[in-house]
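We call the chains A, B, C and D, going by the order they appear; numbering starts again at 1 in every chain.
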Amino acid sequence: MDKIKIAIFGSNGYTGYELVRLLLRHPKAELCYLGSRAYKDEPYFKVYPNTFKKLDLLCKDEDINEVAKEVDLIFTATPQGFCAGVMNESLLQHCKIIDLSADFRLKNANIYEKWYKLEHKAKGFLNEAVYGLSELKREEIKKARLIANPGCYTTTSILALYPLVKHKLIDLNSIIIDAKSGASGAGRGAKEENLFCEINENFKAYGIASHRHTPEIEQELSLAANENITLQFTPHLVPMQRGILASIYTKFKGKINELRSVYENTYKDENFIRILPVGILPQTRFVKGTNFLDINFVFDERTQNLIIIAALDNLLKGAAGQAVQNMNLAFGFDESLGLENLGLL
Amino acid sequence: MDKIKIAIFGSNGYTGYELVRLLLRHPKAELCYLGSRAYKDEPYFKVYPNTFKKLDLLCKDEDINEVAKEVDLIFTATPQGFCAGVMNESLLQHCKIIDLSADFRLKNANIYEKWYKLEHKAKGFLNEAVYGLSELKREEIKKARLIANPGCYTTTSILALYPLVKHKLIDLNSIIIDAKSGASGAGRGAKEENLFCEINENFKAYGIASHRHTPEIEQELSLAANENITLQFTPHLVPMQRGILASIYTKFKGKINELRSVYENTYKDENFIRILPVGILPQTRFVKGTNFLDINFVFDERTQNLIIIAALDNLLKGAAGQAVQNMNLAFGFDESLGLENLGLL
Amino acid sequence: MDKIKIAIFGSNGYTGYELVRLLLRHPKAELCYLGSRAYKDEPYFKVYPNTFKKLDLLCKDEDINEVAKEVDLIFTATPQGFCAGVMNESLLQHCKIIDLSADFRLKNANIYEKWYKLEHKAKGFLNEAVYGLSELKREEIKKARLIANPGCYTTTSILALYPLVKHKLIDLNSIIIDAKSGASGAGRGAKEENLFCEINENFKAYGIASHRHTPEIEQELSLAANENITLQFTPHLVPMQRGILASIYTKFKGKINELRSVYENTYKDENFIRILPVGILPQTRFVKGTNFLDINFVFDERTQNLIIIAALDNLLKGAAGQAVQNMNLAFGFDESLGLENLGLL
Amino acid sequence: MDKIKIAIFGSNGYTGYELVRLLLRHPKAELCYLGSRAYKDEPYFKVYPNTFKKLDLLCKDEDINEVAKEVDLIFTATPQGFCAGVMNESLLQHCKIIDLSADFRLKNANIYEKWYKLEHKAKGFLNEAVYGLSELKREEIKKARLIANPGCYTTTSILALYPLVKHKLIDLNSIIIDAKSGASGAGRGAKEENLFCEINENFKAYGIASHRHTPEIEQELSLAANENITLQFTPHLVPMQRGILASIYTKFKGKINELRSVYENTYKDENFIRILPVGILPQTRFVKGTNFLDINFVFDERTQNLIIIAALDNLLKGAAGQAVQNMNLAFGFDESLGLENLGLL
């Protein structure tokens, strides 16, 4: 296949821009349509002057059903509810869709409606939608028409815990995920709480016992364990732009001297998951600007706790990077195409 | 005089909070009224949890004419146009007013209307209003009913240039002020351009040749020089919360070995202006959290330019601190009362 | 008692400066001696230009035994080992000592030597030294000659857990403290890992299962519980200057509807501990520049975990502020004297 | 030509890492040797864990004369004096050298020795060395054996002023460059002044009338004007990692309505210089992570000053990016190869 034609809905958000940035240099991608209600008919470089002289498209605000007829793939980097609101069979017959919102991540519409306080408008497609955690659903993604790209906290947490849960190496009721994210995770909405002077030089927890990524993590880990898992998830806001780091606490039940090889074997063929060498803990700067997820762990003899540390770039492996990885899978390209960059300092 | 009763309009902004913070520990101040339309009837600690257990007032949204009857002093830390919009003779008969907006800073209403694109609603009070640059207008401030508190860039620039202009030590047509400010200067409005991810890790110029503080600086320096001065003023945004630093370029015409004593003599009795020792240049962190303005200079033999560096905390000497200094003058208190703090690291 | 004469050893570090800043405006304190080996014979404003025109002392590097004869109180804000290295009976007969290092915090010298990899040079004084957690040891501090000022992570953790541990409301083996600190906690040493470009825009964990504050927290909570407690403590580095926030996970065993009153009763007479209202979680900015410790909690019905969030300013309640609070207690001053400030934005 | 073999001396600094990052994905480059005295024999991922699993080289510390025999090109990202100290004819017969230090930038060794306070050890090569400002010296660079890669402030300033100076559109004695840089410009040396807590939340000027980039800017602009130019250059430190923005003030003498086309014509064939559209001023974030230099200008009718704003990424177009651009020229590759990235948000 030659270049595929691509549309992005919600191209003026931070995730939208990252998609643009990645796809502009992707050898198999042709950006055809940039959707943005707020910047309709303005050149995209008015939204992101970074792109001046590199990208000549105007922002548009057209019917997604019409757009679908002209492209091979639509990314929806839109608010919760948009993608479910427009979903229909004809759409998926014209093109594939990778949805970066939460609309098709949870298999159970009741859970979606409870945690998101939104009616789900396309329950009929929940079954078909493939949860786009590339490393765990690779074969399904290859065949999917509708891919639900996972959340940023979620990708970090699931991939860090997957080998432990699958092999029952921990007490499944003991999982505590203390996660920390940079501010780009909150998006580009003009809210007082996201102002520079509110976030800078501050650190806070939020959404304790109520954050929407909780059921998504539980759903996928329960699948891996073949058993219902309930866990603690606490997000925090770090005064930086990009990056998530999760510190995960569990009661370890396995043999500690076999643990490293469990992790390494699980992910031995993965390009984007790095089990760091003993003594080097993940830091968000090591993955900034990349599609890597870095993992390492420490076992505390005193408490018998296993502490796992995992880090990724929330806009890349946690959003646009994984979306492009899924695009590569879905269109039969090399999975790493356009994603090889090393991190910026 | 015992404690004076004080009202603050616009108490939910950053300058409003700084007034609250300073006045709460001021031995002669009693905070009686905190105005905030957005937080009407909510406890002030909902706006700034910093104040929990230290301040028990509710936010209110009452008619300023009624409030004026109950207090000795009103601070208006409100948007441009508010104070002029409500000004009337009866108000000033009930209490003094210190306005932290620009409404009464420019003596010429035409210039105000040109630079601010706002009709001036109280031209009749422009003459009475005293420009509240404490060090230069001390005697008038003591007697004033209506004090126009200066802008932050303005205070920095005028005080740094005043000795040079007054003694005609520079070419008056050569002044270039390249100023840099932290983000709190933009206030607490929820605008996309003030989001953390837009300001952090970025540096930009703005308002070139058109910033509203320009005519205010020109007005006061022209007065000092007894001659019309037109100058270049360029503001920039620094990814930090507080602080302004101005780098000022002028053609020096005086004797360089006398310059230090000119500065030191001009400000020798001032508590809040420091001419730093030779070799120590002002930095914003040296004045953060204080009411100081720090000044130093370098003369370049190669170019014959005199470069003056000046720094202050935009929320203190550039706003709330100077407003309290003016309050101290206007009510006969010690000028430094409540303003003695050293800077936080 | 009129003003007390004070010496600070290690006055050029960040904690040293905070002591200077607090004591300069403390009505009962007279700063007499500022020790700094690196800046010997230089004016203190060369170290911290913030203090120019406000403090006229030179840095000195004299024998502590001689200094002790001239003052009422010595603060040692010095590296581990210094205070123990110079400790002797005659010193304590001349003046009180508040040590901000870890030398006298742990009662068991073996534990000190194991975690700090340093020989303890003054074991004979461990018994006499009072652990200076002001709220829990008030009466002993009043009479103490030698006060071991607690660590920053430690103060946060102990005070947040004390009511739970004392009243056995949690499973004592379930404590997990996930703590996050600003960079000033690492001190002013010129190390690559503390450079701006290494810390900024980065988040990392460090010292997992091995951080030195662990045994200190365990010692004091075990005392409160009258039972040996082993716990998990994980520190992280936040790209900001000041502030610690701890997210603490425990298995709750008590009655959740009584928990708030347990906290409020425990700390009802405390000026510096605030149990925040329901729904307002601690954030580091609410305590920045203050001596407050803010606490709140959330109980998760799904997991039966109790999550406690606590925040303080690591240089104030976590170091210099608590040291001054202890000074106030030890000399019979009002406990809050010189510590009343509200936080800077 | 197939892939060229490359050595980097000084690979552990920030510029060294950027070279590694760029060259790792450059289709014509093969990284063969990473020099680092401090990390000798350690894997490079110990220095920059970002590179784990992507680069398998050990750091080495070998004689540059031996290394030269094995490679086609050496980058020296080393301290001032190193490259001049090792320079000899045989070296240049074995390979090309791109020196990122200042050793071969100034044609006059006296000026070098005066501004750098260092004896120049290879005066004989000053004449041969080509000043590597790619856009202005393209033809010479193609043939050069020794390329002196320009400074970061210098590249910004020269390219922003070049069209004005060449066409004599300004008073050549009126140039004032007020430049601001992120902290990575200071390198990775462990100095107190580069600590996070010293730079964060602070803004300062430094090196007024004495910064070493001054004679370099003057040398190249004088060449362009065919006339000696003396100018004012003032650098400042911004609390961010990457990016330089220069605000340049000049007295304009030309026709303002022709100015835009002068700029656009001068740079119409350049891939890495963007004259932004009217009304969009350069910001450092628009060029972060790219090899772009963005330029725009404002003419102030009131003062007759022309203000030019220019921005680049100090580690890319200001250092490693331009070095790779020069490598592309020197080896006959497409000039943009490996440098096409858009900026990271």
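FYI, a residue touches a chain if its C-beta (ideal position, glycine included) is under 8 Å from a C-beta of that chain, and two chains touch if they have at least 3 such contacts.
Keep in mind that what you see is a predicted model, and the values were worked out from it rather than measured.
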Farthest-lying chain, centroid of Cα atoms versus that of chain B: A
Contact-richer chain pair [B-C vs A-B]: B-C
Distance from the mean Cα position of chain D to that of chain B, given in whole angstrom: 39
Centre-of-Cα separation between chain B and chain A, whole angstrom: 46
Separation of chain B from chain C, taking each centre as the mean of its C-alpha atoms, in whole Å: 36
Chain A residues counted as touching two or more neighbouring chains: 14, 184, 197, 200-201, 239-242, 283, 285, 288, 345
Contact graph of the chains (line, ring, star, complete, other): complete
Parts of chain C lying in touch with chain D, wherever the complex brings them together: 14, 183-184, 188, 190-192, 194-201, 239-241
List of chain A residues in touch with chain D within their complex: 14, 17-18, 20-21, 24-25, 45-46, 49-54, 184, 201, 241-242, 274, 276-277, 280, 283, 285-290, 294, 315, 340-345
Residue ranges of chain C in contact with chain A within the complex: 176, 178, 180, 182, 197, 200-206, 208-209, 230-232, 234, 236, 238-243, 245, 247, 249, 281-285, 288, 298-303, 305, 307, 309, 311, 345
